[in-house]
Amino acid sequence: MTKTPLKAAVLGASGYTGAETVRLLRNHPRVDAVAATGNALAGKTLSEIFPYFSGADNLNVVKADDVRWDDIDVAFGCLPHGTSQDLIETLPEHVKVVDLSADYRFRDAKIYSAAYGREHLSPERTASAVYGLSELYAEQLSGAGLVACPGCYPTAALLVLLPLMKPLLIDTNTIIIDAKTGASGAGRGLKEGNLFCEVSEGVHAYGVGTHRHTPEIEQELRLRSGDDSVEVTFTPHLLPMTRGELVTCHVRGDADAIHAALEKTYSGQPFVDVLPLGSPPPDTRHVRGTNQCRIAVFPDRASGRVVILGVIDNLVKGSSGQAIQNFNLMMGWDQALGLDVLLPLFP
Amino acid sequence: MTKTPLKAAVLGASGYTGAETVRLLRNHPRVDAVAATGNALAGKTLSEIFPYFSGADNLNVVKADDVRWDDIDVAFGCLPHGTSQDLIETLPEHVKVVDLSADYRFRDAKIYSAAYGREHLSPERTASAVYGLSELYAEQLSGAGLVACPGCYPTAALLVLLPLMKPLLIDTNTIIIDAKTGASGAGRGLKEGNLFCEVSEGVHAYGVGTHRHTPEIEQELRLRSGDDSVEVTFTPHLLPMTRGELVTCHVRGDADAIHAALEKTYSGQPFVDVLPLGSPPPDTRHVRGTNQCRIAVFPDRASGRVVILGVIDNLVKGSSGQAIQNFNLMMGWDQALGLDVLLPLFP
Amino acid sequence: MTKTPLKAAVLGASGYTGAETVRLLRNHPRVDAVAATGNALAGKTLSEIFPYFSGADNLNVVKADDVRWDDIDVAFGCLPHGTSQDLIETLPEHVKVVDLSADYRFRDAKIYSAAYGREHLSPERTASAVYGLSELYAEQLSGAGLVACPGCYPTAALLVLLPLMKPLLIDTNTIIIDAKTGASGAGRGLKEGNLFCEVSEGVHAYGVGTHRHTPEIEQELRLRSGDDSVEVTFTPHLLPMTRGELVTCHVRGDADAIHAALEKTYSGQPFVDVLPLGSPPPDTRHVRGTNQCRIAVFPDRASGRVVILGVIDNLVKGSSGQAIQNFNLMMGWDQALGLDVLLPLFP
Amino acid sequence: MTKTPLKAAVLGASGYTGAETVRLLRNHPRVDAVAATGNALAGKTLSEIFPYFSGADNLNVVKADDVRWDDIDVAFGCLPHGTSQDLIETLPEHVKVVDLSADYRFRDAKIYSAAYGREHLSPERTASAVYGLSELYAEQLSGAGLVACPGCYPTAALLVLLPLMKPLLIDTNTIIIDAKTGASGAGRGLKEGNLFCEVSEGVHAYGVGTHRHTPEIEQELRLRSGDDSVEVTFTPHLLPMTRGELVTCHVRGDADAIHAALEKTYSGQPFVDVLPLGSPPPDTRHVRGTNQCRIAVFPDRASGRVVILGVIDNLVKGSSGQAIQNFNLMMGWDQALGLDVLLPLFP
């Protein structure tokens, strides 16, 4: 570690994923967060915005225009959908970009527009960006200049389902993803639905039948399987907890074959554990605070049906952790740099 | 209300459903809880076991043998599966029984034995007991002597699905019930999995592919549809909250027809609300502390698929509240007696 | 109850205390909530704002100007401090007012102004308003036209401390009130500090050394004791829960004498329980959803020191419940009307 | 880091503090956890007991008799009070001991016996053990063979109060410590009071006037001040959260002098932050998962009174983290080894 660390700017450091990116980079041996941008909160230090940062970690949050981009090697985009491309399209070419928003996730800008309600500034760039599901696109990530990190739900759902697409091990006509998340997935926005009193002691589904992560998941399943008719039902639920995401995937296929395919795909991967058949179901709290994904396969009582469970920490593997893992892969480094010191926080 | 109230014994008053039954009877105009049984805690008063009861509400918890059964009109069975029938089979004939355990839910004692791991003491009585899903078996409940209240999950799942069985509105071969519950459903038992530190800030599935509520749900769906091949996938999840249960039912059919059938079935029913199409998803906290069930129907993006949501308070409509509603129906009273004063506790 | 119910308007029905007032009045035999006001949300129904209300309970939320005041007997003021007097001062004289804000709590408008940062519109009315701590001012409440309900913290603190002021049983120079509250006390305002992710899994003090409830508590202690030098240290803490408030009062005196005085004061009172010496400490969850206050007295290991604990539900006894109790007393009714059906929600 | 790591045994690895010690040692560059003991769970692997450990971290839990003590350099005692000394007194002399129980915290075994209800096996060893409050006893820790780590509450309380004892800056006759903790402080024991349903959505005090941490705190305050009459009121409360501890210390003195003394004491210390006067109150979630203590001083509105707040993570600085910090000091290493990679987990 005698080399000079690269310099990172975190765009949108006043939200949860921005702050998490800064936090995780603190332990990265080859990258330093040297700039943090924000609009409304520009002028404050990071520890004024998030007091859990101590004085020692402080960065001044500045407007994006005030960053000296010549000094920056990589930008982590932690801005809302839409806002993200507005800034990213203005960055100098030498800056590598790892974007956590939805803006570059779609190969087809029209699908993006339909789901997110705005024209894309650069349909070409979104078409050629690498979809940063680290374990499954490692090769494409190597040397990439613009990476679009998957949404938190697609991360968990695709780690479970993509390896079953080729060879095809499940019925593509009956895939149901029933997902559960903690409140941090909704970000730091001031909405009544995010208030403690409206989240604790209750559960509800949202975006039923219409959630924007559905076309993202379908894009990847279709690409991998080569079958453009693949459809999924995706139903997310908000739970009274902060971190953690569980996807319960209801599929038709053979449990043993599915388990074998998942084990083979993730053999040797440091951040995806496929539990042995017969293990107790994984729990989001077993991966809290880490970049880990745990997957378990269960044959159902009803013949031919299989339940596959996947758990992640939505702010780490589901966003900032995977972003850093992607950057490691872009640079040709060990993908675990800066991430392997993370311990699950239990209880 | 000038008539003398009937006298109730609550069997197993030291668990959550037992205590909830006592609590709810406090506001019942025609039934008084006059006896409470318990084994380990016999000799204590109810407010020593559950300090939320005030001195004014106190009952002495006694062993079942010490109850003067001649004075008792009705027994609410709040004992664990197995233990319940051991006591109920010894009760004098004049005592009406509303049992909250699984012991009398199965028409076929062999299915009970397979699911609960013991022989049934009285296969004939379980065959003839009324299955107490209040809204759908009101006629059979009238005048009944032994009623088996549904499990909390079956209550919510069947209120959603039974009306779709005849005429058949959904594909019986692809029913998936993805269920979510708070920790009170697991009772007051001392297990590591029930500790605060092991429930808060996390979610996990349990009983995946094997849960005992599956055959109970299937029994009713088959009876109603007349189709013995109906199978369901039932996957429950434990959430970091105390009360509340949500069933997310993934089915194939026509959303409008499904909604119409549900609306028709529950029209005029005080305790089941079918929300208008297009309403926001119901939340368990909207029914907390009440005997209410709320149901909403959503067409999925994928054609021909429908998501139906049902929420209840597992300790009220899912157990003690429905038990009292059943007793009201057994006696030919207004089914809402003692239950219509319950207000949802929000926030 | 054959008499025509009185008609109530709830001012500020889109906040938690407003909604709670409507909710509690639903069970009141002699008062109906017939009007609900709100500004930003005028035009919506109550169940659109708070879906836990069912269609049956619906009220249209209107601007205050659109209420037909001639038909209204009583207004429950659930508006923020400052806004409340602006409206109340415009109401016709025949409307009785029970105000839950701080606007009429201070006999001396200057103390109000210092604490709340604005001039009072009517120093005379605030000087003559009755301070609605129900149990201790029942006589003054009878027939009153304007009642100022105490803050939630002062309610709990004063129920504990006022009876010790005359005869004086504690050292007035060393009173410390260390208070703990759930998040609903902060209302439905959109602030980062109220977000689920910023409240759960943590605790912090706020308003340390400066909280506005301190002068309110001191006003009452001074009035009762006749000693204008009484000072208290009041330190509130925000806890990761929704409802419930605990005051831990550290005083110097004799535990037995203190306990006897409290027992005597509240003997026969339906809503204040003084636990026997030696009881386990009371818990906020033992009174959740009710108008109850529970008090317990503990001698400390250090001689001459006593710890007195008081718990309430901040939205019921700490606001809407006590408001209704006060109105019952104003009308000369049984103070428990509409409130005695509330059962503690446990677990 | 080319040296061979020392070998640690963790005694009582099936409880929360035992598991936390193993977890934290995973990142320690100079110590490896090579043995884990347990009685009831001997024969299982650590990841069977705590699934958050992955297969890679696995240790077999064995009975203490089956540890090859010749290979062990240090034992971290994570056993319950009483049980701990029974085992520690049998260990070979070459094994350094860092005990997290109360067994060696008291210089005077009689005080231990009075508080913990049993005779001490070795009054001499408890008299000479070093009290492991790292920042304040660093000198004594260097080279020590047996260290008794403070209780979680005493850690937070003494970090706040000890620096005010010499020179004496506060009135020793009016110290009140009102403490709040999450449920993990109660351990993994199966008691109704630890169940999710009995901890969530409520707060209560416990051990009021009698808690065993009181004599421990007094021992240290008396030693430092030289005044044997120092008494404290210590009142702990259980909060609905897992990790985190806050002490609210109510004292009499001068806020500026107190702040200056604290700042001076902890200047240069990596794990204790004294916030500038006027900062917002610290929150337990700002130090969650870290070995950090944050302290803030507030002058009260009432003259001469001061409120001092201290927050820690009870499982890290309050137990396992401080234990490792102590071992670092015993060995003459940098006290932050293995602990400086811990990031606060927020949100």
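Per-chain residue numbering starts at 1, and chain names A, B, C and D are given in the order in which the chains are listed.
To be clear about the criterion, contacts are C-beta pairs under 8 Å (C-beta built on N, C-alpha and C of every residue); 3 or more make two chains touch, one makes a residue touch a chain.
None of these values were measured; they are calculated from a predicted model.
S.K.: Computing the C-alpha centre of each chain, which chain sits at the greatest distance from chain B?
M.R.: The chain lying farthest from chain B is D.
S.K.: Please state whether B-C or C-D has more C-beta contact pairs across its interface.
M.R.: Answer to which pair has more contacts is C-D.
S.K.: Rounded to the nearest whole Å, what is the centre-to-centre distance of chain B and chain D, using the mean of the C-alpha atoms as each centre?
M.R.: 45
S.K.: Quick check: how many Å separate the C-alpha centres of chain C and chain D?
M.R.: Computed value for the inter-centroid distance: 39 Å.
S.K.: What is the distance, in whole Å, between the centres of chain B and chain C, each centre taken as the mean of its C-alpha atoms?
M.R.: That gives a centre separation of 36 Å.
S.K.: Would you pick out the residues of chain B that each touch at least 2 other chains?
M.R.: As it turns out, chain B has residues touching two or more other chains at 16, 184, 197-198, 200-201, 240-243, 282-283, 285-286, 288, 347.
S.K.: Applying the document's contact rule, which stretches of chain B touch chain C when the two form their complex?
M.R.: So the residues of chain B touching chain C come out as 16, 19, 23-24, 26-27, 50-52, 54-55, 184, 200-201, 242-243, 273, 280, 282-283, 285-289, 292, 315, 341, 343-347.
S.K.: Residue numbers of chain A touching chain B in their complex, please.
M.R.: The touching residues are 174, 176, 178, 180, 182, 197-198, 200-206, 208-210, 214, 231-233, 235, 237, 239-244, 246, 248, 250, 281-286, 288, 298-302, 305, 307, 309, 311, 347.
S.K.: Which chain D residues qualify as touching chain B in the complex?
M.R.: 16, 183-184, 188, 190-192, 194-201, 240-242
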